[in-house]
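Sending over a structure as structure tokens; questions will come in a sec.
Chains: A, B and C, in written order; residue numbering restarts at 1 for each.
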């Protein structure tokens, strides 16, 4: 306090920002910068030739991917379709199972606190585990194939969807629900008539959003043996067949863009 | 008939909502409860359909003590007691017909209602109710496309569809302008007379209470401080109920505009 | 028998009816295609899980504590990858965000180009980018940093452009009226309005990137993912249990801290 007032007297003209804020911002800036420099040092420590060398190398290596061998696309269309199907199945089941979970983790509907906290915690833990890690574990359980992939996507999207939807439920207008109770509706009727119409558009929009996430996730599941196009990509990379790999990457890119475009249009139509 | 016998209610946080209430409301009466906000009007009304549960005494609806009711009986009670709210409490994204049909929920099986298989009679009844409050032409509009007065009429139609023996109205005109307020009160009064439905309305506007009520119950701090026919009420009565002199904002006004 | 009048049927245009039917048919077709195409060998799957369950699941809950040091170091690397990557992205995304905001460039073409670049970048899953960078700069953590940096730029750029589009242009107008030049307007009217949101989104993206960088090791781009793939290949489920625990703890802590900081900023 005294320091600050001394400063002000010394400089005569007041600073645009309080001295304390200035000091804080400077400190934060240097901490972030320091941590960044340390990160850069650490992540490059076992790089042959250092950053500059590999950067110049990068373009020649990336050149290996070109031109992509587009003639493999018909051959990989089957696994690509399988990838989309995995995402559809996982999203569908996640949508169904999310309903009870979302209701149980919405504070305004589930008035029984232990149930609310239990579902919340479970969902929070579930969401911290990346989808590919889930896939690795499910592959360990079921062996290589699409089932572990579908299960991984299902569990992962369940976590996201239940959180988003329970938050939507918590923000609804509770008045109609009171009216339904007052006219003698039972729990199911109150939920169905008072709650569902209020959350339905958001619900559909979130389902589409999660479907997009699942499409992106499903294309790489094959890298750990969980089915779909990623498996082929992994093989091609293993054989150093970069033009084929690039063709697959382009196919993935196009499919993701097309599906996102459709999903976006649908979402706009809904809201 | 509704009988409050020594009814008291203490909220979990310790506030006393109702104190020692003894009131009998006869069939077909149009009763207006007046009092300042926080006087216990809302708690009084909500006790009758058990949206809140009194902690003391007994409350008889059609000679049965409703305080012991559990889920099934409670829903049965609620089908018989319709309720109108200050904020209309319609599902805003749903159309008018579906909102009105919600009044039949207590009479309809869960599965049937969820699959939208309402009985033809119920749909007919809903339509008839909408006609009675002159809003049938909005049947397929979404509730949020309607004005406040129209929404309140829809909520009256919802209650009518319920075929109740009693109607409770909790500050039904507090969010409306004067002409619309009178319109809504007129509909309530008309239904009360035509169908002989006992109607209990919370109001804080003195002039409206005087105009529409058969009987006025005054409440202050959770207690009934006045109970008598409208003919016995004077300005002095209100000053006693409110514990202060009458002010401009205690009046709704605009009766001649409607 | 009670008499009643039914309400008039709702008027629905032919177009709407056809649309509803068409959508139903398309969705039905997609599901038929999906469920006919999905081929799961249930007998084998059940057989496998019966064999593997006892070997995998209980061990996940009995972490191999002897690997603590190694796992800690790996997870630290994951955090460093995510940090360096998201910081790079937070800066790279600024020019792109301005380019894609229609109220800044005043040119439809530039805005469209900006939006296209951003959505193109977004379409690549992080791990595909990691594959490309592993080939380019070798199998090390820096490939992961680059993958995260590029991958996050797409999303951050989009969020930034939305923030810029939502600013109060009246302040800009007032400055223009004062005779301020473009750079002055940028620093005095635009930046103060966008800084809190930019920071908040960048920190949020760091949360997302922690999750993303924890799997990059699967394709050789450093971090804890490397250990995940080794543990899986060696069927060392006790070690996997410890890795999972580490991920859950770190992600939870970072989510919590980041949420606190973001609430303070905005």
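By definition in this document, a residue touches a chain if its C-beta (ideal position, glycine included) is under 8 Å from a C-beta of that chain, and two chains touch if they have at least 3 such contacts.
On a predicted model such as this, the values are computed, not experimentally measured, just so you know.
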item: Identity of the chain that, by mean CA position, is farthest from subunit A; value: B
item: Top chain pair, ranked by how many C-beta pairs fall in contact; value: A-C
item: CA centroid of subunit A to CA centroid of subunit C, Å; value: 5
item: Subunit A and subunit B, separation of their C-alpha mean positions in angstrom; value: 48
item: Mean-CA-position distance for subunit C and subunit B (Å); value: 50
item: Contact set on subunit C toward subunit A in their complex; value: 30-31, 33-35, 37-41, 44-45, 48-49, 52-53, 56-57, 60, 77, 80-81, 83-84, 87, 119-120, 123-125, 127-128, 131-132, 135-138, 140-142, 144-145, 211-212, 214-215, 218-219, 222, 225, 228-229, 232, 235, 237, 240, 244, 247-248, 251-252, 255
item: Residue ranges of subunit A touching subunit C (in the complex, touch as defined); value: 32, 35-36, 38-40, 42-44, 46-48, 51, 54-55, 57-58, 61-62, 64-65, 81-82, 84-86, 88-89, 92, 124-125, 128-133, 136-137, 139-143, 145-147, 150, 216-217, 219-220, 223-224, 233, 237, 242, 245, 249, 252-253, 256-257, 260
item: Parts of subunit B lying in touch with subunit A, wherever the complex brings them together; value: 49, 51, 71, 75-79, 81-83, 85, 87-94, 98, 102-103, 105-108, 110, 113-114, 155, 158-159, 162
item: Subunit A residues touching subunit B - in the complex, by the definition given at the top; value: 173, 175-176, 178-186, 188-189, 192-194, 197-198, 200-201
item: Partner subunit B, residues of subunit C touching it in the complex; value: 2, 4-8, 10-11
